[in-house]
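Pasting the structures here.
Each of the two complexes below includes chain A, the first together with chain B, the second together with chain C.
Coming up: the complex of A and B.
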């Protein structure tokens, strides 16, 4: 007997319809990757430098014997404080700029006036498209060696990003309460205060905590271009080939990043699931009060003075630079090399993201903390993978580039791989979190019907995790193109190297052209990645 | 069987022979789901032993364990499906116990064994949805996809946990008939946890009642009336 479920069976034949657009994007991505690898000389030229392996071995061996003498540790501690102080003040400035900027770029402000909204967003793209280190190099030429360089270099680009995100957060709040207040005759400001800000507050605080985490990393990078702190110490030790000291710096950086990670995660977890009961949450109260105290301390510690911002010398220098920077240089030689270097930069970022995404997917299983009891081997393995990922993202990409230059010949590849391993540290963690959030039941059901582990992973985990991982990877691509400029600034080629040499030569007209090229490139990548993500949805 | 401090099942001694169609009845929390999870090896008993198809489902590991598990088919409350996969892959997942890994991976790119899948979906009335994403289906449709997965798995023992909870009465009837057929065609067994007394009496030949983790009733369905079952569904005071 054959029972047929359901009433009249419609004679409809199902056909597999593949999504053409997705396939087009996938093939396009594969082609771009191949083109990038070919551009990096992987298929043709020599890329490995066998002579450097001994040096690399000495460097790696020093990981187990970091410099721990009291004098150097004291130096490290004071450097770490400088880095923290820059991060805190930079974030504070970014949040202030972001709060003001959000009002200027939110849909709530502009309403139906779409053109004004688009224009205001476009204005933000300029400060956002330049890396903190680029801002640092530009500002040092205006302000001289002043703590404001570090603060502004973090505060300006972060302020632009924060303004965009804050505006999005407020715009995404459901409109009901806000419209009701407006209908009841409340003014626009008070309606926003009562109807929009309270529901958005959690997201705003959570994002601010995340920005502080990022600012610690940026402060380290700024140190490498001369603002002092851990990054400065790291590049000094590197330049004098003291590998034990380099590793001490790396471990100190990792601890700092870990502390920022843990604190940020605690705040986000509290916001996602607030403890029951009346009264203030001590963690969240701390998350507001401690940073305020830190801002005051940092101000004192770095001896920041508003006077240097408005001094006559600063105004004079600013006028000089701006005057020399306009009109931008348009000679053929510059434009030609600009085009070639832009290609290098794109190829570098593509390889970096491919390396990072592949590594993240392969490591996601080991890095995630699944619920339930685990075997001891699995737990130790997971802890090791998570620690390695932390080290990878704690060390700034330029340092990775220098390390890779021991064993690779200069060119696109060392920069690309350096960015790749750094991005792997970031993507690996995001991917592990995405895997942890997946529903474990489908996978358990597959194991119960006898699927082998690979099969259960392919059918139960991969389909759910692939979407978020690709979206993160595309998002990180935008970040990577900016970081490519940073790696270039410190010598790994691409647009960054050109920018550094033009700044060093005080050729401000050429600098304007290079900066414009970088901003346009960032915008293009932003656009492509946005399109790709919308196709995936 | 204990979970931490909570005893889910205690002193259950139950033997089910081949070809039987057994209904598990009882209030929520009586231990029906735990009993089914013990039978398919998802959980290990804290005391006592479980033998299914002449083997202990939780003790066997590796290849032999997988071969045993491939012979046990479970319908959960349609929670075991992967929403972002197409229906065809979710049905094919029933064959993961027998497919080699490479074939499983290739099938995600180019679906394998499509005629069988479509035949199974036809029996649950979803043949036209074979290539749709599973998350676009309604709750009842997803429950039927879960049944289609069992149809391609061809298990000797069918375990069903509320297999008809999201279906309307007519569909629920047919779904249970389908599961009963599936077990009987291969000389196998059906064990189903059910809420609806009507379904129990129409589709099963033996009724096992659970309350507070103990067996309180074990009789052929023939002599029972809906009123007898109604008491069992009442939550303990």
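Coming up: the complex of A and C.
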């Protein structure tokens, strides 16, 4: 029997048209960027401090001479184990929460009940809106020095993000198998289990690997608030500005990230192109068994005990903090400053994302690994760019903020650029992957017709890459808002600086108010970026 | 063969990118994982131990202030010396955050903590029954120094007023010598401590303050005298940083003992024994000298709550103590 498709498989020629809404969004984005740069004082005065190049140079030069004495390396090795254990358990918790949460927030579950879907998404915004470091600081006050602090601080916000992404992945899977199962009389649960999960499995696994790499970096930030591990060593060396030791920590962290990245990539490749022949694929079997063993080892290594979560002391401390934190502070001075600081925060995040997106577009071509044979120069160049991106994201934002403050005058700009270079590290990687998945033929065709490499890139790669890059940038914008908490203090201002000073003063009522403001701001940015992304689709 | 059976036996494996797992291997895997995790129940964590349960050791900690890198990584020396002298198990627990140190003292995770003046007051007010134990000889007359970048052209003087129009940075927010007392002396001199063009910065540490003033990003800053002296002696202070003013003396760092330690450890008069231990450290004994040198002290002396009344009052004024 022949089946006739009711529509062509792929539109042969994309329709050329100008979308008015896109223009409106683009102009709006340009205006917001200009407004942010003006707010950072770029058009009104000096922002650069050439006198600090010596201090910046000392930081940069130390990259070539990291501390390598045996004692320090031993310390780093044992700290790295703690960081890995936190990252693994945090990710495991996030994936478990995400799997359950995804069921609760996916469109598949809610169907046409839009209000319920919106509400469930709103609930997720609360844990997602707070940075891991903030979760860590809050949890230290309730749980004290317990490994659960690190695990929950990673697991809770990541769980909320994972739930959202998992739900989106499952929702976007082709519905054929699912509908067929439902039509054949299968229940909704089994239809989802057998019709939606298998095709979504690749995306879910790939995202899980990405989360693990993020968790390693988060575990380091958490170390800075007292959870131990590499971050603890890094912040000790950072406090006395021993840059050689800071770089050793950064390199150790880069290696961990690289390991997570390489493993994730290997698994993704196998999923995309399974080897022919019967039998079980050893790589994929390993991808399931090794994480399970890692979770067990981490549980053992950190000596996690569920009992401390429900102990009387935990309940007592929780009551203490909640009692002090409720009702939130509502004095006029605090509420008044929230508005002005929120503006600073938004400007900081906008500049950060603009810097990161621009850098990512410029570097994506070099960082990507296109299929086929490459010239040795291209290989080396690609490896260098990828290493630089890895280091950009391995240096924690507070460190960037200080070293950039050596060469920039205080204000929004050092904080914004610190977030910008850090986000560039993340965005560059995501963009390179997006470029790898682009159709290589337009560029090849242009090159074959005699176009110069720049022209081939401009007309063959950029148009296709712009969409995914902007989508990722908009997604990272929300993350950047949360990250401003990390760089706020150094005269950069914003809600992060206010939060840090309220936490330092143990004014829990004011902390509640500031946290609420941050969550609302994150939610607003999420809504705006969601609208913008829907326009681009 | 029916489609269902084909699917079950894995012939239709192209449907799923994941390898098929038999129920037996899944169960076996889960069993292995559980078996591997179980021994963890009796193990002590490399990052911490649960505060509940048996008496355990005396848990000491310190806020990360001067030379946190040296202090924290070599703290084993202090723990060993104290353990030998008191005949108690003493365990050092690393903390890098001022606020976390105060919170952990409140929750009872830390029994004995080396606090700064302000953090000591915060911790004592949040933990009824906590008592100050000892301070260093230099803490009785601790001072801060205001430094300026040479490009400002300011010369050493006792007048703080010329600092008002400069870009200015404190150290950490709740540092006594890097924030609280300097803010107090600035206000005494008629300078708004929260003023300064663009608002004051918080560098995060004394060393960072020095570097930021050297770079010129901030034209002036303030740090504790001890760090200034030690960096000057090392010769690591950039020549572009010059001393402007030294503040009048005030009380700063001290050891604070939590209320629950004595009972939990079953040691009568733990506070008294700790005072004896600290004041008994002598520079003549090599082991003692090592501890004293770590703290940059000539000796330890007793202290009392009243020494920190001024700090508490200023902290309330600045909204840092509630």
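Definition applied: the second predicted complex is superposed on the first by the 459 of 537 C-alpha atoms of A that agree within 3 Å, B and C clash if a C-alpha of one lies under 4 Å from a C-alpha of the other, contacts with A are read in each partner's own complex, and residues count from 1 in each chain.
Keep in mind that, in the parts below, a contact is a pair of C-beta atoms (placed from the backbone, for glycine too) under 8 Å apart; a residue touches a chain by one contact, two chains touch by 3 or more.
Fair warning: this is a prediction, and the values are worked out from it, not measured in the lab.
Applying the stated contact rule after C-alpha superposition, one finds that A:313 touches chain C and leaves chain B untouched.
By the touch criterion defined above, A:359 lies against neither chain B nor chain C after alignment on the C-alpha atoms of chain A. In the superposition on chain A, A:449 makes contact with chain B only, while chain C stays out of contact range.
Residue contacts after overlaying the shared chain place A:464 against chain B, while chain C stays out of touching range.
By the document's definition of touching, neither partner reaches A:264: not chain B, not chain C.
In the superposed pair of complexes, A:303 makes contact with chain C only, with no contact to chain B. With both structures placed on the common chain, the touch criterion links A:157 to neither chain B nor chain C.
With both complexes superposed, C is the one of chain B and chain C in contact with more chain A residues. The touching residues of chain A, counted against chain C in their complex, run 49, 51-52, 54-56, 75, 78, 81-82, 137, 140-141, 144-147, 150, 198, 201-202, 205, 223-229, 232, 235-237, 239-242, 245, 271, 274, 280-281, 284-285, 288-289, 292-293, 295-297, 299-305, 307-308, 311-313, 317, 320, 398, 402, 405-411, 489-491, 493, 497, 500-501, 503-507. On the side of chain C, the complex with chain A involves touching residues 14-21, 29, 32-34, 36-37, 39-41, 43-52, 64, 67-70, 72-73, 93-100, 102-104, 106-110, 122, 126, 149, 151, 167, 169, 173-174, 198-205, 207-208, 211-212, 214-218, 238, 240, 319-322.
Residues 40-42, 65-74, 76, 79-85, 88-89, 93-94, 96-99, 101, 104-105, 108, 111, 118, 122-131, 144, 147, 153, 155, 170-171, 174-175, 177-178, 181 of chain B are the ones that touch chain A when the two sit in their complex. Residues 1-7, 9-10, 12-17, 439, 441-442, 444-452, 454-456, 458-460, 463-464, 466-467 of chain A are the ones touching chain B in the complex.
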